[in-house]
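Note that the chains are named A, B, C and D in the order they appear, and that numbering of residues resets to 1 at the start of each chain.
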């Protein structure tokens, strides 16, 4: 366990990584907003693109800023369980209301 | 107890079965639960999307450029938050306070932006009672705003504690836990921004 | 008395006291006006036919579990003074797999007819089906026959062996439409276009009632279904299509009509009598109220005495209902109103 | 030395008994508070049940009016679920989970106290509605739009219900967070997940269910509150709102809630049957796994409460299938309990009788549940008395019988006194007979087409006989429940002479005195297998290896007791406890000091709810929001005090 802990601590990213992540987040946000003005070109592809982009942002923040990428698997499992149930129920409701 | 000094320096995390501290695990469990809270608000919003019987309708009223700036502000606050945490973890209390102050300030800026957005909408006739969009929009974003507000109070408390010497690098984990909450509020906004603002009708 | 004997004696007493309940249960259930075990419509008949085998399967499972339980309790009981430690057996994977599979198989057997019947019950009827719009109100039912331009309340007339398609809607809260002997339930929800489809298979009168809690008088949101032959039904429709008699010949009824139509008495604010200025939509349509068997959401048989009782104090008969009289009616007025309303055949 | 250290600790916080109970953060005391409070509520809920049965004893009865009846059945359901079964489960979580995992306290002792106080005050808020003649009258399920619109439910009735449940929801969430962390993080060395007693497992699963299910209820209640207070349109059909949305929110919470009510009792059964058969639980792994599968599936079955809503055949088919799937792990549990009894040396104590009757009664409830899963049959059975019979077989025949078993089983540990077996057996037989007499005939009433929630029925409906029988059964059941109270009160007047291990127990709570000392364990025990205490007592013939299965982050060592044998070295010491005790005057056993802040936080939270109810009233409306503000201020100040109070959260550190 001691060994694993030190691995965890070593892997924690530093400010440089955080800033890099922030830059990526900013770029993704700009792309997202850009799609808003490109509705006519993207059409059906728009919604999948937006979902993928926001999922990417989500994963970046959770993985790096919340350290989940580097933290105990148990915590990952807990959060994943909550997300899974929430997303599953949301999808089920969208299906029930035919959206 | 002499033999306990050996473990005295190790963070309290080591006292637990899993090696994860109680506080951190509590926060993650709470966040998992909060996923369901926002998940429920979001699915109700999604189900009612486009079902308002009278205006003002979503596309007439949402101001995407304005909200993009808000969203960026909240994302930036997340960056400030990790930098503050990095500060206290490395014993740099000044850096910690500056960045934590920046986090709280950016959060406050976001809330201010939300306040002006809400007032603007009210002037355009979108109220809680007006239609389903008003009802679901204000309650969803309002509860997110409440979370931001609670977060700001928390961060300010941490800054005050550090000024009074009650928060030292030894308990940097308190900042980490507050940070988890703050980032979670941020990712909720990432989802809301996409589902409420960006996805067209 | 030793503990063992106490235990045995109690067991016997316990079982014996349960027996009469169960035995007499089998004799005294069913046969009431809303008993589902005497289906009179295709839908309920199919449901009951699905239920019976599942019921016996359930009995079998219960008897098996209880038998094993009682046998184990008896066989492996510790006798007084006995102090043994049995083998510390932790489990048996084969057994586990077996008793995971057995319920799974039983459930699969139940699932197949369940799903097929469920789809069958929702199948749209042919074009000859009778369509009735059913509208739930707190606490009475409105029935509209768009084909025939007939509106009535609390009494649904259907034709034997003719499929019926009920379109369910509510003007206030959620109700549930249920005629136990004819079909299952379907909720009546504002803004939902729910449909209930079945075919009555017996001539007769079948009571039904609201099955979703809908407020203070949920218990008295009753109705009855009159299943008739085609000829009887046609005659009923013709009668319902008549406009209300202009001015009744009977002077008492005429006086009642006058009271009814006086705006200050507030009757016409809620009730409709076709062909008069009474066009209120809040309460039941009274155009042919005299021809109905029940009034007040199924609380009362429609007799002059009951009608008078209702008019004297509706809140006493059905506390909390929405019929609020602006003032206490005099006996003379009630008598006249009863005469008028009973004349609306 | 341990004692002297404790005395010192004690002296610092010497207070009057009342203050001690008000400020306690000891999980055992909090458990006892939960215990008596929810038993008192059981009496209230039971009284309401008798009122229901009295009203229905004959046709056309006028004993209760429709309004009173609706209030009574609503409060009966709400009380029994939120104020009786859940907190009774919580009483046992509180008292026994730390003992069973070898911990000295829960992870967050003050949060634990807060849970209790918020539960108590929230319950009192709900119950106080009776004093104002405005008890909730919309059913425990509170279907919108009947409840969400002031047009259809004027008065404060529903406001009391919404606010009371919100406070209770916060209390429940706090408690679930606490027990989740406690179980995951505070196990004694060697207590790997797969060595935990099944009751602890089921507590863990229940905590997860609460964490994920309650937010849905919270959101739904928020929406009802906004509809009622601020004119929003969530459930307003006139603005396009759909009242069925509430049903989804409610049942996404409500079905996991059923398992929140029944899984802990299943855990109790899984402790009691092995103890009295002197055999380990048969198929431990399968029982645990079945519990986890049930928990997972329970989030995918909610719409089986809504088959008659008209969602359409395809959604109904999906939910019917998931519902049938959930019956499989339930069946597995029942067979494993039978397997536990089989070949045992069964001692016919009251606790065992209740536990064994649970199996039979719960089977009836489970089977009728499978009937409801068959959608067409549910079209008939839903909202009829058949369903009333079904869920009482699950929640009384299941949850409550198991809880009664647990009371007889654990009362000696909680209070140091053995309950009277003779009275206990009488209680058992009267309960079993009364219960079946009350609820079995309700199946017949279901067949006879009697709908639920009706305050009266007419003479011609043919429902007279079985309603009469059910009512007589209910009186019998009421009387038998009083016997339990007589037994407890009588027992409490006797001297506290219960041995530490009266039943030849298998789990760690029996290794310490009855009642346990404030710090639970003089030395944190080392666990060498399942049924840890049994192994210590009867040697290692059954030890499943000396704890080699732990690895990675799961592995624990024991910083409190560095001299104690680690999990790998423990085997071979018959009495790990006495072994460790010689080593050190454990000055590090320090118990968390008492605190007022949990109580004041709970009071502030409830004050917010009171303010909201006042806001809706005619006379005190203008005071409402100021009182809410006062409540918020009280919560904030209490939390600040809480944060700055000088203690370590870890009670065992």
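Keep this in mind: contacts are C-beta pairs under 8 Å (C-beta built on N, C-alpha and C of every residue); 3 or more make two chains touch, one makes a residue touch a chain.
Given the structure is predicted, the values throughout are model-derived calculations rather than measurements.
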(request) Return the chain whose centre of C-alpha atoms lies at maximal distance from the corresponding centre of subunit B. (result) C
(message) When contacts are scored as defined above, which chain pair ends up with more C-beta pairs, A-B or A-D?
(response) A-B
(message) Comparing chain centres built from Cα atoms against the global Cα centre, which chain wins on proximity?
(response) D
(message) Rounded to a whole Å, what is the gap between the Cα centroids of subunit A and subunit B?
(response) 15
(message) Please tell me the distance, in whole Å, between the geometric centres of subunit A and subunit C computed from their C-alpha atoms.
(response) 51
(message) Centroid from C-alpha atoms only, then distance subunit A to subunit D, rounded to Å. What do you get?
(response) 36
(request) Would you mind pulling out the distance in Å between where the CA atoms of subunit B average out and where those of subunit D do? (result) 32
(message) Residues of subunit B that contact two or more other chains, please.
(response) 18-20, 25, 29, 32-34, 36, 39-40, 47
(request) Any chance you could list the residues of subunit C touching two or more other chains? (result) none
(message) Can you pull out the residues of subunit A that are in contact with at least two other chains?
(response) 1, 4, 72, 74, 81-82, 85-86, 89, 93
(message) What's the complete list of touching chain pairs for this entry?
(response) A-B, A-D, B-D, C-D
(request) Name, in rising order, each residue of subunit D that touches subunit C in their complex. (result) 65-67, 70, 137-139, 143, 145-146, 152-153, 237, 240, 242-244, 277-280, 282-286, 308-310, 312-313, 316-317, 320-321, 324-325, 327-328, 331-332, 334-336, 338-339, 341-348, 356, 359-360, 363-364, 367-368, 370-371, 373-380, 382-384, 425, 429, 432-433, 436-437, 440-441, 444, 447-457, 460-463, 465-466, 469, 538, 541-542
(request) Show which residues of subunit B lie in contact with subunit A when the two form their complex. (result) 18-20, 24-25, 28-29, 31-36, 38-40, 42-43, 46-47, 49, 64-65, 68, 71-72, 75-76, 78-79, 81-83, 86, 176, 179-180, 183-184, 186-187, 190-191, 193-194, 198-200
(message) Could you list, by residue number, the parts of subunit A that touch subunit B in their complex?
(response) 1, 4-5, 14-15, 18-19, 21-22, 25-26, 29, 32-33, 35-36, 39, 46-47, 50-51, 53-54, 57-58, 61-62, 64-67, 72, 74-75, 78-79, 81-83, 85-87, 89-90, 93-94, 97, 99
(message) List the residues on subunit B that touch subunit D in their complex, please.
(response) 1, 3-4, 6-7, 10, 12, 14-20, 22-23, 25-26, 29-30, 32-34, 36-37, 39-41, 44, 47-48, 51-53, 128-129, 131-132, 134-136, 139, 143, 157, 161, 166
(request) Show which residues of subunit D lie in contact with subunit B when the two form their complex. (result) 107-108, 173, 177-178, 180-181, 184-187, 191, 211-216, 218-220, 222-223, 226, 230-234, 239-242, 245, 249, 252, 553-554, 556, 559-560, 562-563, 584, 587-588, 640, 643-644, 649-650, 652-653
